[in-house]
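Just below sit the structures, each encoded as structure tokens.
The same chain A turns up in both complexes below, where it pairs with chain B and then with chain C.
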Partner chain A sequence: MKRLLFAVVLLCFSSLLFASLKAPERSTPGSVLSPYSYVQPFHAESYEKCMSAGTTTTKSMGFGNASQESSSKMDPEICSSMYWMGTNRSGVPLVEYASQGAKIVLFPSIFAGLLTCLFAIAGGLLRCMNIPFVDSVTQVFSEIVGALPRMVVIVICALLLPRELRGLLPLAILWSILSAPTAMDEAGAVAMRLGGARFVEALRAHGFGAFRIYLYHIVALNLRPVVVRQGAEVMMQVVFLELSLSYLAIVAESGSLTHSDDVRSWAELLHMGYAAVVVNEPSMHALMIGLSLIALIVVMATSLSTMARAR
Partner chain B sequence: MKKWWIRPGIRMFAAFLLPILVPAIITMFIWALPGDPASIICPIETCGLEQNRILAKELHLDEGMWSFFSHWISQAIQGDFGRSNYYGLEVLSFQEGKVDLLSESIPNTSLLILFSLMIVSIASMLGSLNMPSKKWDPVIVMIGVIPVIVLALISGAVVEIAYPGAEFPNPKDWLKLIMGAVTLGFADAAFSGSLIGFRETFAREKNQRYVGISILRGESLFSNTFPNVANGLVGQYRARLLHILSGSVIVEVVVGISGVGDLLLRGTLNQDFSVVLAAAFIFSIFSALLLFFQAILECLIALHIRKAPSDIHMYEQQLEAT
Partner chain C sequence: MSLLVELRNLRIDTHERTLVHNVNVDIRPQKVTALCGPSGSGKSLTARAIMGVLDVDPGIQEGSLRYPILDPQKDWFASVCKQGMSAQHELLEESRVLRGKYFTYSPQSASSALNPGRTIGRQLELAILRRDNPPEEMGKEIARILSEVDLRASVAGSLPSELSGGMAQRAALAIAVAPQPQLVIADEPETGLDPLLRRGVIELLVRVVRQNGAGLLLISHHEETVNRIADDVIRLPKGGGGHV
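This part shows the complex of A and B:
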């Protein structure tokens, strides 16, 4: 079972990595007069039309080489990307949205996940040291940071960040700090159930060194499920945070708080799909792709935490 | 055991500190940013030099960070949050007939949170009663995994389909509130977390030896387990409420409810610092109240447990003796 879950995690992660590596630097503007407007996925007719196209006026379309102007035949890569995920109203393949969105979220979410793991480890180890003053300081930190409504803090910090520093990474780090109290509390509770300082004493009496006691017995063998689960959850939450912030920016018709304006987020797929539900735009495929990408992240995070679960 | 008051004491300290700390951090941030604070709040390119100077004078921005903060907090305690430089309206006004930004927003957000709290409370009650059975857990967990943005979109779509356009504003607003509450009540594990969390807490406590003995003595299960799990339950409940409060920012914007969260986001995007500070202050007061109530409940529970003729007194006497 664990091997299967590991394979799932690896598959999800490598798909995201591949997509982010293949993502074009800038989004293509598209054209309102594009003959490839709202091409549905697996639409063979549009694919053949694209492949057999001569000189093209839809120079904006592309995947990988989006900014290149083409006066020759349409790039087969563009046509196939259009075939797999369809296009938006301007004829831009939705693959571009998926890949650029993956590029926006991949590194910050992993970084935030790792940072949360470190917080959880610190929380667990501090409980094992049994220093009352440190416990009190940790509780004050947890109470104050844990009492802050996360989204409110994130929105305000997004505003206060200078424009050149705006991006998902600072917000992901902040989210990780705001999630730290939960992670530290849970890891601390596990450490206390283990026996805390008495457990360390017992292992010392067996002649084990500090490295083996703290890093192997406590962290690797006992805290691992909590640490990995917390990390995976924060990783998933950072992706959802990006989606939410980008969507809010779209609704408010403002510049994004998490990425530059020439890159597209997964939130735009959801926004496009919303129009399909409410005003019958033929963009249901965008909603499906957006939801599938969310499902991919959920599956990856759930598999990761289940994989690390204690026997 | 003897220092049971430390934890609630720290909570109370944090509760009093929070409403001051949040605006203080925002103020520090404004001063830490490169450039003149007045230009950050109201850029010269958009406000003009004259307006910028007037604003700096009005908000005490030209007298340094401490002057600005002390002035703002003293005014905020009196309910005066200043004037929005984007909307040109008072943020909150107690004068009758005067239009302001928060008077409509606060009731909407309160109703939204109250309705979503009902869902969470139902989940908590079901969990306490050990319902539904564990075989439903995968389904409940799956519902909990759905992010708030997706459920908010569904809610928004339901409202738009039911009441398209601007017709029927009254039923539409109520439907928005209800759908928003459903979103907050179910998204991001609010429902599933409450249900499973309460159920697990009670189930763990029921397996304790003292509960078995109490039942043999003819005492009820609930009266024995509840005082001991109450602290944990209150903590869980507060965490859920805080989560709902946080999610309300997204739900209000996506579903279209004009609440404090919506105001906060619009204030953020329009660089309207008076609105942002006021909204952040209100959120922090709400959160501080939750912390305060948790601390009070913890104290009451601890006193109740110590008042009861239980083994705790004996245990404490033993500790003193040793």
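This part shows the complex of A and C:
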């Protein structure tokens, strides 16, 4: 079970990493006059026809590296289907949205997840150390930060950040700090269930050193499930945060709060999908791709949490 | 025969008050020594002092601690008295080699003695590995120790949360005797158990410790239990202080 979940996590993570590494620096400029408009996802038949034209390379198959020059040598109707996720109305391949979206969220979400893990570990260990002054400070921090409305704080900070500093990373760090009280409380509760200082004392009496007691017996053996779950949840939440802020920016037709305007987010896939649902435009596959990417993140986070809990 | 522990004239203070004073404890090999007294009399604190695990500020003010069977001359408190927390931390580090090997400790509740994140078998294995000559067939030895405390061998694969209170207590006892220590310190092992189970656990504790040739320091406030099983009794009055 544990191995299976590990394989799932590894697969999801590698897909996102691969996609973000292959993502072009800037998005392909689209045109409403493009012959690729609303191309549906890849069909094997048309792909074969295109390959038989012999003018294309693997490089041009996806990740937005196809140039107008190379495709002009082929039948555009056929070769456009090589964009195996299809294109949007302007002829921009959707794979570009997927890869650039992965690049936007991957590092900040992982960083925020790791930061939350550290907060949770600190919360658990501080409870085991039983230092009244530190407990009081932690309590005050938890009460103040825990009472803040997260989304409001995030939106205000996103708007206050200078344009050149805008990005997902500062917001992800802020989200992680706002999530810290929950993570610390939960890890602290686990530490208290262990017996807190009494558990440490019992381990000392067994002859274990401080490093082994705190890092191995408490963190690795007992706090691990809650620490990993909190980290995975925050990682997932940061992705949702990016989606919601980007979606908000698209709807408001303003500049993005989480990434530069040169790159595209997964939120744009969802926005295209919205058009498919509401006005019946033939872009339902964009919605499917967007939802699949979100599902990928959810599966990865859930598998990670379950893996940490599994014996 | 040399004593296992010789504690003399122990006094431990906080900044506000004296927790224990003038406590003398002699523990003989293969005998049951009971440390009894009302709540707050310093029973657990005295036991922790015997193990060198203290985190009271300023802590030990007077006293000497010897393990005559190991080294009759060495006074473990010589450099600790009136030296505060840092000296106690040094003592904690210095005496680490003895804990889990020369003496083992079974805390008040089994939930604190057992690590919830590890199976009983793995915890027993770690305890057995503390012996000078660990057996080659670990599985058999684990099964033997479990049967000694009336547990099935299949318990080795269980996590502590999967055991009942009585089973957890017996598993904690198995872990305490597994390293074949000279002395087992049991801190109110009957806590949280119903009267029938309590009697059974105490009797099992005494039987297993005697079978393993170890001494037992039993901390308890049940007079009846103490009078029934102890060879030596140390009574601490409220506020600490007592003799054999």
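One rule holds for everything that comes next: the second predicted complex is superposed on the first by the 268 of 311 C-alpha atoms of A that agree within 3 Å, B and C clash if a C-alpha of one lies under 4 Å from a C-alpha of the other, contacts with A are read in each partner's own complex, and residues count from 1 in each chain.
Criterion: a residue touches a chain if its C-beta (ideal position, glycine included) is under 8 Å from a C-beta of that chain, and two chains touch if they have at least 3 such contacts.
The structure presented is a predicted model; accordingly, all values stated were derived computationally and were not measured.
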Inset, instruction - Please tell me which partner, chain B or chain C, touches more residues of chain A. - result: B
Inset, instruction - State whether A:284 touches chain B only (first), chain C only (second), both chains, or neither. - result: neither
Inset, instruction - Would you sort A:222 into first (chain B), second (chain C), both or neither based on which partner it touches? - result: second
Inset, instruction - Once the structures are superposed on A, label A:156 by its partner contacts, choosing first (chain B), second (chain C), both or neither. - result: first
Legend entry - Which superposed partner A:244 touches (first chain B, second chain C, both, neither): first
Inset, instruction - Using the superposition on chain A described above, determine whether A:194 touches chain B (first), chain C (second), both, or neither. - result: second
Inset, instruction - Kindly classify A:202 by the partners it touches after superposition: chain B alone (first), chain C alone (second), both, or neither? - result: second
Inset, instruction - Could you look at A:143 and tell me whether it touches chain B, chain C, both or neither (first, second, both, neither)? - result: first
Inset, instruction - Using the superposition on A, tell me which residues of chain A are in contact with chain B and, in the other complex, with chain C. - result: none
Inset, instruction - Provide the residue numbers of chain A that touch chain B in the complex, in ascending order. - result: 136, 139-140, 143-144, 146-152, 155-160, 162, 182, 240, 243-244, 247-249, 251-252, 254, 267, 270, 274, 277-278, 291, 294, 298, 302
Inset, instruction - Spell out the residues on chain A that touch chain C in their complex, using ranges where they run on. - result: 193-195, 198-199, 201-209, 217, 220-222, 224, 311
Inset, instruction - Please name which positions on chain C make contact with chain A in the complex. - result: 48, 51, 53, 92-93, 96-101, 104-105, 107-109, 111-113, 115-119, 127, 130, 159, 185
Inset, instruction - Could you pull out which chain B residues touch chain A in their complex? - result: 6-7, 10-11, 13-15, 17-18, 21-22, 26, 29-30, 33-34, 145, 147-150, 153, 156-157, 160-161, 239, 242, 245-247, 249-250, 253-254, 261, 264-266, 268-269, 271, 276, 279-280, 283-284, 287-288, 290-291
